[in-house]
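What follows is a single structure, written as structure tokens, with notes after it.
Chain lettering (A, B, C and D) follows the sequence in which the chains are written, and residue indices restart at 1 in each chain.
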Amino acid sequence: MTLNNQSTAILLVECHDKAGIIAKVTDFLAQHNGNIVDLEQHVDIADQHFFMRVEWQLDNFNLPRQSIQKTFEEQVGACLNMNWRISYSDIKPKMAVFVSQHGHCLFDILSRYQSGEWQVEIPLIISNHKKFQSLADNASIPFHHLPVSADNKGQQEQVQLALLAEHQIDTVVLARYMQVLSPEFIQQYPNEIINIHHSFLPAFPGAKPYHSAHERGVKIIGATSHYVTSQLDAGPIIEQDVVHIRHNDNIEDLKRKGQDNEKIVLSRAIRHHLQSEVLVHKNRCIVFD
Amino acid sequence: MTLNNQSTAILLVECHDKAGIIAKVTDFLAQHNGNIVDLEQHVDIADQHFFMRVEWQLDNFNLPRQSIQKTFEEQVGACLNMNWRISYSDIKPKMAVFVSQHGHCLFDILSRYQSGEWQVEIPLIISNHKKFQSLADNASIPFHHLPVSADNKGQQEQVQLALLAEHQIDTVVLARYMQVLSPEFIQQYPNEIINIHHSFLPAFPGAKPYHSAHERGVKIIGATSHYVTSQLDAGPIIEQDVVHIRHNDNIEDLKRKGQDNEKIVLSRAIRHHLQSEVLVHKNRCIVFD
Amino acid sequence: MTLNNQSTAILLVECHDKAGIIAKVTDFLAQHNGNIVDLEQHVDIADQHFFMRVEWQLDNFNLPRQSIQKTFEEQVGACLNMNWRISYSDIKPKMAVFVSQHGHCLFDILSRYQSGEWQVEIPLIISNHKKFQSLADNASIPFHHLPVSADNKGQQEQVQLALLAEHQIDTVVLARYMQVLSPEFIQQYPNEIINIHHSFLPAFPGAKPYHSAHERGVKIIGATSHYVTSQLDAGPIIEQDVVHIRHNDNIEDLKRKGQDNEKIVLSRAIRHHLQSEVLVHKNRCIVFD
Amino acid sequence: MTLNNQSTAILLVECHDKAGIIAKVTDFLAQHNGNIVDLEQHVDIADQHFFMRVEWQLDNFNLPRQSIQKTFEEQVGACLNMNWRISYSDIKPKMAVFVSQHGHCLFDILSRYQSGEWQVEIPLIISNHKKFQSLADNASIPFHHLPVSADNKGQQEQVQLALLAEHQIDTVVLARYMQVLSPEFIQQYPNEIINIHHSFLPAFPGAKPYHSAHERGVKIIGATSHYVTSQLDAGPIIEQDVVHIRHNDNIEDLKRKGQDNEKIVLSRAIRHHLQSEVLVHKNRCIVFD
């Protein structure tokens, strides 16, 4: 749901399931005069685990913003042994985009960025190639060309991490960045690095999935956006979609049709993430969309 | 969500929106030790209207079933000026199926009925043709052949209504029943008569939508399942889906491809209805799926 | 394309690609006054291979049916070193259905069979369980209960093969038949045994794909209909489709939503096969739809 | 099918159906040593009309390019009373883009233009607003700001037409251009003006289709790309697609989700047009894809 021009707070919660959790949280909000505009919850019954996203208006909410978190932990979180976090619709997260030589996802991201579709700031683009320098310039986003080879990869990751830290980056988007990040890099941003893989995972992980799809003779090709973990193409899946193909689509056609799918799937995943709609549990994403 | 072998209660609620409604309802459930397994809510902000579906386990719920409704009204419903109803997962609603001469939807319904996919009883099938008598016999469902003409339509509707009353029918499914029901009939079962129309409404209402679709040269054809109101093909939409077509699909192909879509769309709508997932507001369906 | 009430011949052709093949074939038809109602061809350029399906009306075609094949081979096929076969729209192929304990695909097949949607005869159903005996009885199709265990599998396959031979079966459909056929069985019916697997292959081959899909946390589930080869779930793919799922769909929901997809995908594949629309080349299907 | 680095000729043909047309055309190509890489044909049986697209390699074709058209008309076209045209894969058509204040389609077009996805030249962008001046500048495409009011519309169309003529424009794309073109303008470019309308036509023609969709409570929203005719939103449809929506999607959400669909549908339609894959007959498009 899109709420224009209203400041809201968003609570994401997970904990062991038991009776009364929703009542406890919504009582807290009601006592402080918070009007809920959206609440979604999920119980994983097999796992006895509880998940919830609550969004409420801040207009008449009678706790000052700087004390919301402390008060919530004292009155609710601690009692229920919850993992939780609160974000605010009027505070834009900061996102870095990594790209190599395929520009369709980057173009799509910049189109949305420039139209104001997302609540986000993009303070930098990082690439191992120079190809999209002028595209970044046109969008007035600083572009960092950091070529990567087998020899300098560790060093360049240090440069990248320093840039991310300097710009207080919350989220990293790999918009067809054709380099595998090291586990050390990844653990700095748990569930904050979003990748797009050009297949319906778990089919065709790794390199050249469109070639593999053509070779296997599938009738649908897919794209998968997921959080990056240290295991290649195996992180929790945020969004997937497919397009149908026919026998007369060769590998070039698969790439072309697939790229339309990739950019839409990645952008949907980014939006879910930016709207605080995603919780990760046991390598699976709960997406409150 | 499918919950096997557990009795649950399902509350559907709608009322004017204000702060504290969810807290009030979930408090009530928590006080009586009801463990919520699913809760979905929706606020129509433009309309300031609130909608909710809550499902909770009855195992440890400490109100006897016969007093749940009265207690809820006293302690919650009346205070908040709510419209609400409660149903129970272990009480099967009763459904009648009306059909004419196209059997694909009826076949699909009976397939699910015989496999136990739905929580429902089907005590009768009504048709203006004899064609599916033996199909009904094979499924051990009484079949009533009630031919309809311009002359006898009013009388036959009386017979139909008497049959529905006799069998305490909750829901009527028009599985490609090619007769328009009278407003008098319809008002007996508000939001309880489910129709399947073979187009993506509001395009191509009325007769022969596949002919119209072919004539217009559309590239997708659709099917729409909706509650029947006195205005033809204009009732609240529960479910819609489409299939892609090509220039080489003639009207027979459209019918064939469309029928696959129709039966799936109708069956999804029936399931939503049987699971108490649908609320109707201002001719629109809120579907908590 | 559906052509009602007209007898047509269908030629399927494949050979090494070179200039002039289409001219040669269509000249032959024109000389004998055959009016082409559908022609589709495909050139695998990487592989230099040519494929074509031509359908023409028999009404004014001036070769008697019994000499069509001989004349075509003499005048066209031999010169171009073609693999080809001709079928006739008014000769119904014979199809056997194998099923275990999930009935959704069988129900769907019988629904189409009884409505006359397909040009096919189904002279027998074979199952390793008794469950669908009465369903087969109601459709007036002989039902053979052949229980299979590790011990008797070879013997039972001999019984099955004898039944298929006795009824001159052209095509075998595995409508969720939960037994793996032996290579000896399979080689009797090359590209004539159609299976439905409940995942988007190559993801999740083998047993319990919905469990694996749930475990992996995918956002789409699929179904794949393919010709059976001696390598499990690796035969040429005729048709695939997917449905979207959400985090609140548990394994039972996946099965339920997946079954709707399975039956539609299988039935589309069967139709392609019955209409002589499929050519297999290097484990991939060319589907002229 | 994508053919890289090979010059091909593409013939589009339509005429009254009779036996022998394909033979006649393919004989002509075979005689001149033209190797067919793609041939698709369609017979509208009800209408007795024949349509075909043939693409062949020019490498060994033994007619010089300047005489292909004359020779084809003499030897084939005239005999069969055909409408036909021939285009060449190595000659880029010229396309103008018209836009107003929604940039998602323009961004998508420029992304493809800059990556070289399409065989096309875009010598100018025309807009009634200044908003996308710098976007055009960055793509090095001349931008013409021609504000339109009720008073000056006729004059501005003359300016537009002069610009199109000056740049020898073949095709005009209305990428969410919110002005209705006059019949006089439209008739200058029959089946060469491509529009994107943000609904699944014929539902919701005219202004504010997302508002109407929300009001009606549909569960799918669509986009339609069509050739512009003098009847508003009633021209022949090239491409359509839909996205599913839920009750919690408000009008802003519909716009956002719909825009993703619009840009993909428009770009698919443009590609079909640029690849000479589209024939129009009786207000319907035959799309040989």
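Quick note on the criterion: a contact is a pair of C-beta atoms (placed from the backbone, for glycine too) under 8 Å apart; a residue touches a chain by one contact, two chains touch by 3 or more.
What you see is a predicted model, and the numbers here were worked out from it, not measured in a lab.
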B-C or A-C, whichever has more C-beta pairs in contact: A-C
Of all other chains, the one whose Cα centre sits farthest from chain C: A
Interchain centroid distance [CA atoms averaged], chain B/chain C, Å: 35
Where chain A and chain C are represented by their mean Cα positions, the distance between them in whole Å: 42
Set of chain B residues in contact with two or more other chains: 38, 45, 248, 250
Chain A residues within the chain C interface of the complex: 42, 45-46, 200-204, 216-220, 222, 236-242, 244, 246-248, 250, 283-287, 289
Touching residues on chain C, where the partner in the complex is chain B: 1-2, 4, 38, 103-104, 107-108, 110-111, 114-115, 117, 134-135, 138, 248-250, 252-253, 256, 260, 264, 267
Interfacial residue positions of chain C with respect to chain D in the complex: 3, 17-20, 22-24, 26-27, 29-30, 33-41, 43, 45, 60
